[in-house]
Amino acid sequence: MESVKPILEFKKTCVSYTKQTMAVKYVSAVIEPNTITAIMGPSGCGKSTLLRAVNLMHNLYPNIRVDGEILLNGENILSMEPIDVRRKVGMVFQRPAPFPTMSIYNNVLSGYSLNGIRLSKTEKDATVERCLKSVALWDEVKDVLNKKGTFLSGGQQQRLCIARALAMKPDVLLMDEPTSALDPIATAHIEELMQELQKEVTILIVTHNMGQAMRISSKSMFMYLGELVEYGDTETMFTNPIDERTKVYLTGKMG
Amino acid sequence: MNDKIYKVILFATALIIPTVCGGVIYALVTDAYQAFEHFGFFKFLTSSEWSYTEGAEQYGALPFITGTLMTTLLALIFCIPFSLPVALFVGEYFKGTRIAAILSTVTDLLAGIPSIIYGLWGFYTLRPIIMALNISPQGSGILTASLVLAIMIVPYAASLSAEFIKMVPNDLKEGAYSLGATRAEVIRKVVFPVAGSRIFSSYILAIGRALGETMTVTMLIGNTNSIPESITSTGNSMASIIANQFGEADDLKLSSLIAIGLILFLITAFINLIGKIMIKRARIA
Amino acid sequence: MDKLKIQNRLAKDKAMKLVVCLLAALTAVPLFAILGEVFLRGYDQLSWTFFTEPTPTAYRVMKAIENGEPIPGGIVNGIVGTMIMLAMAVVAVPLGILCGAFLAENSKSRFAKFVSYLTDLLQGTPSVIIGIVVYIWVVVPMKGYSAIAGSVALIIMMLPLIIRSTEETLKILPASLKEAGLALGGNRARVMLKVQLPAAFGGIFTGVLLAISRVIGETAPLMFTALGCSFVRYAIDKPISAVPLLIWEFFNDPNLQELIWGASLFLLLFVLTLNLTAKYFAKKWNQ
């Protein structure tokens, strides 16, 4: 074990939708900064549910309970204000959904306008340029910044959504199957991008696609029926899984 | 029965609607013609004289057009602060919950109450309150009528806008929450901008409702045939002057009342058309 | 970001929710105020004779006032009139269903779109105007007010509502239903009659109930068509009464004010029961 201070730590994290059933059961794991961690598992295994717990998305729905602890830089987010947590933990969803009533420019800055933070014109311009550049969208849209984001292609829209999340300078970026609605070329773009982003932000990505997990992540989690079955270096897990269930999943899907 | 006969029967019944609409317009236009011919179309619209002295009859629609516009506009202003919260309550804050269903039922029932009963309630309950508050000495008038009118259109505007608020994609709302917005901020900066033009159109359709509302207004507006000087004065709307005077009218007066009916019909049709077009145009992405 | 600002935003968020809930709750007040008033004031007026006797004559009223007795009489003439006109207006049901079926079957044709637009136009037309038009169409040629004229007005107001509910219900039925029927060799009429319409029954029935509850309380169009009548009458070519017309009469006659609330309570109960039944059916059918 390296002695790097963890950025994120799950401690016996549980999520339940109803009193009887738990969607995520006692997950404990330590995430190091500037890594990409892939969360894999069959549908319904709780991987998205776990991811959404990290930015307190579950607080939006009154019946969902989250127990245990999730530490962000050592502080338990479950006892923090959701709006504060969500600023520090960005999220990208399955389907790209830029705000249809805002221009590309304003979409990038939407985090600020939603939070009621005023920026000067130069700050705004700089933020937009920085974020669009870091998602490799700047060259494509720099002349149409005032157009609506919905005119872009699916892949471009998703990159815009990543830029929107990055604009808030989050510590952690959550990605919930960000490429599942995209074509292979757009997917490749985003995967490439993630390698770059790793330098500024810690990424947790839920993916169905094992090839993707292998290509981009340094660490992998395998979840099954709400449990974290195996967590470790991606390479080790793919070549030499310890748990039988991981093996079955990996071979069954890969073979 | 073979397919051909079936199609002919369906087509024949479908013809009823164009026939009825054509008949409505034809009847109104032919019977309003006398008034327009006698006074001149433009003069009829802009004259504020309404006197039936034999031999010197003067009929003009302006007091009633003004009365209708004033009551409708005021009703709209009074309606928004209640219908919008109801729409947010049902379509956003408590979407899909039991308490939202209860509030929907309440507003549905409000919409079901016959207008004559609204009129009675306005007359026997609200009017004395208006008098007690010294707002107007006689209690009835534009203000009283529009207050009750507002209650009548709240359910209509609220249920339509609630539908449109519900339609705002969850993706967008979650996207905004994930950037750290509070619910109030999500509503102001995502829900309203996205559903805005449709919500607006639901108010246009509510106006369409209020324009032609008859019995309530007739019972509360005070029935005077001159242009109301303020919102507390009495007046008459297009619908209420018809309800009040149609029964005993004949000849030129009857034609004038029908002419007012035609104008009301055209205004209502126009407003409803605009509302419908706006709803169709404003697709939610 | 500083704590103060977050607290501020959270406070605003809470305040907005509070205001929304408060104003939404206030909207329920008129319903209960109206129901309460009509119930409290109307309950005392209800009696057996209220439903068996017609509107009192001026003579009986004067007599009662002289002797300090309560105003006699009831609203049976109105109830009979409303029922007779409704019974005749039932014509609107098959017509509306057929027209709705036409719109659902030909949703892409230009003519159907035109008819659909006109249906909206008719639905949005103020009822007082329907009254004027039926007066011109029926009352003038027949040289008199009549139950027929009244029911024509009701038909015109019910048609768009029934057409819309039929069309919308048929449109949301799965296409496979119709295709399965046709595949079994049924012709289109039979498939519509035996498969589609039965499947759509709940929605159409709800629409019909709502249409009836909508027109049953209409006053303005009946004033120029049915006019009113102070005794029970079964003739359809003569002026006839209706419950809302009676309320209007009572409202305008200082001697009869005592009868207003009983008649209103009857009408309100009738309309709201129909409404709730329709809503119950819609919910049951949706499941």
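Lettered A, B and C in written order, each chain numbered from 1.
The definition used in the following text is that a residue touches a chain if its C-beta (ideal position, glycine included) is under 8 Å from a C-beta of that chain, and two chains touch if they have at least 3 such contacts.
Since the model is a prediction, treat every value here as computed from it, not as a measurement.
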Could you find the chain whose CA centre sits the greatest distance from that of chain B?
-> A
Quick one: most central chain, C-alpha centroids?
-> B
Dist(centroid_CA(chain B), centroid_CA(chain C)) in Å evaluates to 17
Rounded Å distance, chain A centre to chain C centre (Cα mean) | 54
From the C-alpha centre of chain A to that of chain B, how far is it in Å?
-> 49
Using the touch rule from the top of the page, what residues of chain B touch 2 or more other chains?
-> 182, 185
So which stretches of chain A touch two or more other chains?
-> 83-84, 87, 115-116
Can you list the residues of chain C that touch 2 or more other chains?
-> 9-10
As the complex stands, chain C meets chain B at residues 9-10, 12-13, 15-17, 19-24, 26-28, 30-31, 33-34, 37-38, 95, 98-99, 101-103, 105, 111-112, 114-115, 117-122, 124-133, 135-137, 156, 159-160, 163, 187-190, 192, 213-214, 216-220, 223-224, 244, 247-248, 251, 260, 264, 267-268, 271-272, 275-276, 279
Along chain A, where are the residues that touch chain C in the complex?
-> 81, 83-84, 87, 115-117
For chain C, which residues count as touching chain A in their complex?
-> 1, 5-6, 9-10
Complex contacts: residues of chain B adjacent to chain C | 1-3, 5-7, 9-11, 13-14, 16-18, 20-21, 23-24, 27-28, 31, 81-83, 85-86, 88-90, 93, 103, 105-110, 112-121, 123-125, 151, 154, 158, 182-185, 187, 208, 211-215, 218-219, 239, 242-243, 246-247, 257-258, 261, 264-265, 268-269, 272-273, 276
Chain A contact footprint on chain B (complex, rising order) = 169, 171-172, 174-182, 185-186, 189-190, 193-194, 196, 284-285
